[in-house]
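These notes are about the structure you will find just below.
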Amino acid sequence: MEAVTQQIPLEHFLALSAILFSLGIYGVLTRRNAVLILMSVELMLNAASINMVAFAAYASPELFTGMIFAIFIITVAAAEVGLALAIILRVYRNRGTANVDEVSDLKW
Amino acid sequence: MEVSGEVTEEAAPAQTPVEDAPPAVVPPSERPETGREREQLLLTPVEVDHGKAVYREALPGILQIPADAALALARKSSLWPMQFGLACCAIEMIATYMSHYDLDRFGIFPQASPRQSDVMIIAGTVTKKMAPAVKLLYEQMPNPKWVISMGACATNGGPYTRYDRVLQGVDKIIPVDVYVPGCPPRPEALIDGFIALQHKIMEERGKG
Amino acid sequence: MVQEQQIDTVDINVNMGPQHPSTHGVFRMVLTIDGERVIDVEPHIGYMHRGAEKLSETMDYRAAIGYQDRTDYLTQFMNEQAYCMAVEKLLELEVPERAEYIRVILCELNRISSHFMFLGAFGIDLGHFGTSFTYGFREREHIQDIFEETTGERMMYGYFRPGGLVWDVPDNFVQRVREVLPKSLQGLRDIDMLMTENEIVAARSRGIGIMSAEDAINWGLSGPMLRAAGVPWDLRKDKPYSIYDRFEYDVPVGRHGDVFDRYLVRIEEVRQSIRIVEQALDQLPDGPIMPEKMPRRLRGPEGEVYAAVEGARGEYGIYLVSKGGDKPYRLKMRSPSFCNLSALREMTVGNYVADAVAILGSIDIVLCCVDR
Amino acid sequence: MLTLTYDVGNIWLDALLGVLAIVGLMTVGTLALIWLERKVSARIQMRLGPMHVGPYGLLQTLADAVKLIGKEDIRPRNADRWIFELAPFAVFVPVFVALVALPFTRDWAVSFLDLGVFFVVAVTGLSFVGFLMAGWASDNKYALLGGLRAAAQLISYEVPLVLSLIAVSMIVGSLSLSEIVIYQGRVPLFVWQPLAFFIFFVAALAELERQPFDIPTAESEVVGGPFIEYSGIRWSMFFLASYTGLIVYSMLGALVFLGGWDWPLGRELGLWWQLVLIVAKTGFLILLFMWIRFAMPRLRIDQLMSYCWKVLIPLAFLQIFLNGLVLVYDWPDIMLLITSGAGLLLAGYVIDRAVRVEPRTLRLVPAGRRAKPAPAGAESGGT
Amino acid sequence: MRGILKSMYITMSAMLRKPVTINYPSYHREVPQRDRGLPILLWDKEVDEPFCTGCHACERACPVECMTVTMKDNPLHADEKSTRRKIIDEFWIDYGRCMRCNICVEVCNFEAIAMNNTWAGHELSTFDRNDLVLDLDQLLAQHKQEKIDEWVAD
Amino acid sequence: MTVAQIIFYLIAALAVGGALGVVLARNAVYAALFLILALLAVAGVYILLGSEFLALVQVLIYAGAITVLLLFALMLTRTTDVAESMTGAQWPLAVVVSMLLGGLLIVTVTTSDWPGDADGTITRILFEDLGAALFTQWAVPFEIASLVLFVALVGAIVIAREEEGE
Amino acid sequence: MQALLDNYVAVLLASVIGSILVASALITSRLLAPYSTSKQKRISYECGMLPAAGPARSQIHIRYYLFAILFLIFDVEAVFLFPWAVTFLDVGKAAFYEMVIFIVVLGAGLAYAWKKGVLQWK
């Protein structure tokens, strides 16, 4: 472990993460296509990961918790995307649309 | 939303799937009625547009000469023909690519797609059914491009000149640069044609 | 606007040809594919229809030879042979022994060269980067040298004439052929080593495009296609023409009727052809090459004849109707490529796109022969 | 004396010089490789290959390049403009960036990454995006088919590639390429890990889309695949990327399995020897790739996929497991060779069983009729 | 596996064999004596006039109708120098159309036409298809300059 | 500005630009490609935070594998050409909500007092230590991750495959 | 850290320079190559025919997606394998068996896919 000064305050990272997160929210709210919503969700997840890693790097470097959380976030995101897209495809096949407004009822 | 039948109808005209349709996207209403007129349309020569290179306007004249020369040298050294055989002449064309004659010695290397080729070797009889395809393929080649008419059939119908469905020479539809006589021309004759084409490229450098 | 509802339509229509590296000329198929599976094939022919039959009817029996060469441009001698046999039948000409032998030698050499073309092209269809093709053509070239020394042309020989041959063969003909035969065997061995046992070739070509014996007969297939399906039918044996009954050779017959068997049958046929040529060379008699009394201008009596030879692709037949005069009234070619091609759809549907290419290649069509 | 080591001190300048060196290397290397490939193919096919442009056709690829620059650049009418135009970037840049992490000699690489191996696979794994972009944007069914095939193939074969490299790094205990090379000071890793080397080689072959895995660009099926609509210089970028990829994977193989610039001459030797070694080893792998290219037909897509998922990936796991076992229980090194060799033999056996083909025989039918003897006069002999 | 190794072996062995390529433009291999290039007219060196009498036989027999022949009275015959009463006046052959079938040579009774069996009968590429229509002088030039190795059928 | 700062602003701009592209692009494939850009930029951020391993994971998994899934899904659902149905009508509301949220977050972030040095001293995390921690302290979650992945794989196969309709 | 940044600056620079390389080639080509405005030229190539009916960017087959899922799962696994490969000797046998379990679980997934015929590209 080596400590380095690189003169980027922690706030910068947090701000970046905040921007990404709110853009993700915007995408989730406006997009109607399920795949695109998923993409926005990915943005939000990434924002969260940045937060974790940044805190880990600045605040508690000896614990690695943030890093390991980020890895698990990525793992879970992979699983989530795989499943979610499978469901979307399934719905698309049955309903002919990937538009969330038209698939609002859970009954097929 | 319902599954609508018009989808295909709407999509179709843009795609023009009719195989005999002229390559130009002519709306059905403007298509000529009679078979003869239709055929005339099919057989109109392509409008040759060799295009303009920006450097010809931008560069001062003194620099154009080396640029022209370099480009012409490169072009003549790397003529990539389209993999496109029509009839019997195609066999001799293939033989020319093969071990005994090896066009690769001159950097002549066949390409499958017209987008990557420089030369079109019309190796064989062009029938009127095939003519639109030949025209389209010629158009799809990027500039600068050349055409070698190989064999009697491509030059003027050759042995089949008296038959109605055979095009009387491919220069009726696309501009031809080099004619190689013979039925079929020997591989050496085809190589000779390529050498002639190389001379032509060098002579015509800087034009157009 | 393309709507998103067409749920089940995953089929794409794809044109293959007329200009496509693997359609062996200007053949066109419209494939309907689902993912990678072919679910329908629509062959389009006629891009090479140039009226060879009709033109042959407009000129006298001798001049029309040139058009026979140009129909199936890989087996020129066999076409000439079929045509000459038809005319000879019509005119009741007797072909001298020596001419018959030379014809057989040249025809069999021609079969070898045509099969070399197939073997090479087959490799391309399976994805060889030109290696098999160059090997095939390398050997073809040696045979073509003999043809050139004999006839003066590399491809369109115009060497047979009704009644015999134009010229006698050159003096060193026998010796030259004997020189070339080992080379052909060597070339065959190269291709054999390169492809026959290769597992990828096997994986790609075994078990696809299967034709059962009955189907093959019902579709009217002939030549290697038929024999690969397990039917030992060879015109040279079963309806002997010319002097084929004097030679000893075997007819290779496949057991599975798939693409790989067609390839094997052709490889074996090359060997058998070499055998025939060797025997014919041993027996080659001296003598004239044209009948004693040849009319200067050939005039046929009224009547109709059919003569067929076993071409490299199958039964190549000429049907001649004459109403007298020096021209045929009607000339019809029975081209093997056309008949064999008719089974394409049957064999292709349900296979992969890549298999469609291999199956088409295994039919070994010549487009000028299909469309004439 | 050539000095490849420099110390400018400014990290921008430092990196810039390194990257520029790589640009030069890549350009020259690609030009030479294309020429070499044409020559090799020519010799395999008993031809001469390029002869007339420059001595022995040496300037052939240069002429090709200049010509391609002078060619018109066409974009199909219905193509998606931006994606179509950006696809060459997306294909080329990842492979190019991967070059940065490769140490050419002991002291010289643009950057010695601690996670070099990981970096190379992660970055080259991105190039499928470019193929997909090209295929999707071209508005051409062949291109789409080719692009999808390319993507499916690239992602599938990335898994065994990564796993085989992991197997190696287990032994070395590091992911840094230079440390892997240094570890092989005496015995190169392909000796310890024949199975991993085999997996790596096959997977690299597939990642490079060379025969027998050139399904995405198969000429006789999809006429060039995703690049079908590309012309001129834009098309040549794909070509450039593919040959740069050849360099990257061959060099990776040479570094990881063949002992890089170290084995067998030892690390005391000068810069030149190191260069000679690395070039020779890379060249060896490249020639092997080329040789295979001209000797093999291509697989079909289903065979390709099942080969990857049913053979290579289980084998790679086996290799990792075996290595783990040997290392954890501290068995002697030779066990690595034994287990891996046994694994390779097993693999060979399994593959052979799976693909073994019964030699087929034909029935030779004399068709009932015996040959008639030739008539009496006929024996008299030839001319 | 064995098959794949075999393929590798055969390609390597081919690589070590000598290439079969004929380096064409720098090396012209010999054309066989019977080579059928394109038809040319022969020159009667004894009388210094073409053999051809303009009898139209070839023109009529040519399957692709690529020849044009006109005849005239032979001035040399009037001077008693030649036995030919009529002689060729103009003769065109469209090389672009000729299918090299040898029929014209076979029908000519005067052995006045032959197939060119030199390289000159093959290296005829032109930039304009009208250049492929050769007139009498051009057709005779080859034999006049004795470039032709005669090989007359039969 | 130090090198790190320059790079940070560059990368932040890329990330924000990519994210904007994701939420604004009219064409779904464009959105996916912008997503790749944003993800790669985030990988850059990880490097600045001293964790190159995480950056490479980001490249390999996020930019490499997840996007291929997204792209395939886009092509499978053929939603790529449909611009209208992509953006709903409530965009003004969404703008307001996300602006508010973003503003709130940024204000919080900048006004709070965070641990760590103000001059931005970070600690590079060694890959080996990370691995060691992962396989000791985090062993259980690690195994659970494998189960998650397993379930995702099986679930996806079951869900997506069924309609192939054998 | 500084070394880390050093190394990755080169990466950043390489991607920029790589893009510049491509872009400059394209620009040179734009200057030197002839350009024409023919409409026919821009019809997409389909073996000399007009494109057959049906949109070119049509739906692809679900099979591609299934392979992508498999790839994703195994890629994630590889990510865990990388740190494991380097550290498992230090951590001891436990790490080895942890990973064995991990692989076995995912191997079961692969086996399931195999059994379900997902690997069979029909």
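Per-chain numbering from 1; labels A, B, C, D, E, F and G assigned in written order.
Here, contacts are C-beta pairs under 8 Å (C-beta built on N, C-alpha and C of every residue); 3 or more make two chains touch, one makes a residue touch a chain.
If you're wondering where the values come from, they're calculated on a predicted model, not measured in any experiment.
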Via touching chains, subunit E connects to subunit F in a minimum step count of 2
Touch-connected sets, subunit D omitted, are one piece
Which chain's mean C-alpha position is nearest the mean C-alpha position of the whole protein set? D
Most distant chain from subunit E by Cα centroid: A
Rounded to a whole Å, what is the gap between the Cα centroids of subunit A and subunit B? 53
Just curious, how far off is subunit C from subunit B if you go by their C-alpha centres, in Å? 29
Indicate the whole-number Å distance between the mean C-alpha point of subunit A and the mean C-alpha point of subunit C. 64
Between subunit D and subunit G, centroid-to-centroid distance (C-alpha), Å: 16
Can you tell me which residues of subunit G touch two or more of the remaining chains? 1, 4-5, 8-9, 30, 32-36, 39, 41, 43, 45-49, 51-60, 62, 64-65, 68-73, 75-76, 78-79, 82, 86, 88, 99, 113, 121-122
Contacts with two or more other chains, residues of subunit C listed in rising order: 1-2, 4-6, 12-14, 18-21, 36, 66-67, 131, 134-135, 138, 141, 156, 194-195, 197-202
For subunit A, residues that touch 2 or more chains besides their own: 2-4, 6, 71, 74-75, 78-79, 81-82, 85-86, 89, 92-93, 96-98
Would you tell me which residues of subunit D are touching subunit E in their complex? 40, 42-48, 51, 291-292, 294-296, 348, 351-352, 355, 357
Subunit D to subunit F touching residues, read off their complex: 11-12, 80, 82-83, 86, 113-115, 118-119, 121-123, 125-126, 128-129, 132-133, 136, 148, 151, 155, 158, 175
Where on subunit F is subunit D touching in the complex? 3, 27, 29-30, 33, 36, 52-53, 56, 59-60, 63-65, 67-68, 71-72, 75, 127
Inside the complex, what are the residues of subunit A that reach subunit F? 1-16, 18-27, 29-33, 35-36, 38-40, 42-43, 46, 49-50, 53-54, 56-59, 61, 64, 67-68, 70-72, 74-83, 85-90, 92-94, 98-99, 101
Subunit A partner contacts - residues on subunit F that touch it in the complex: 2, 4-5, 8, 12, 15-16, 19-20, 22-23, 28, 31-32, 35, 38-39, 42, 45-46, 48-51, 53-54, 57-58, 61-62, 65-66, 69-70, 73-74, 76-77, 79, 82, 85-88, 90-91, 93-95, 97-99, 101-102, 105-106, 109-110, 114-126, 129-130, 133-134, 138, 141, 145, 148-149, 151-153, 155-156, 159-160, 162-163
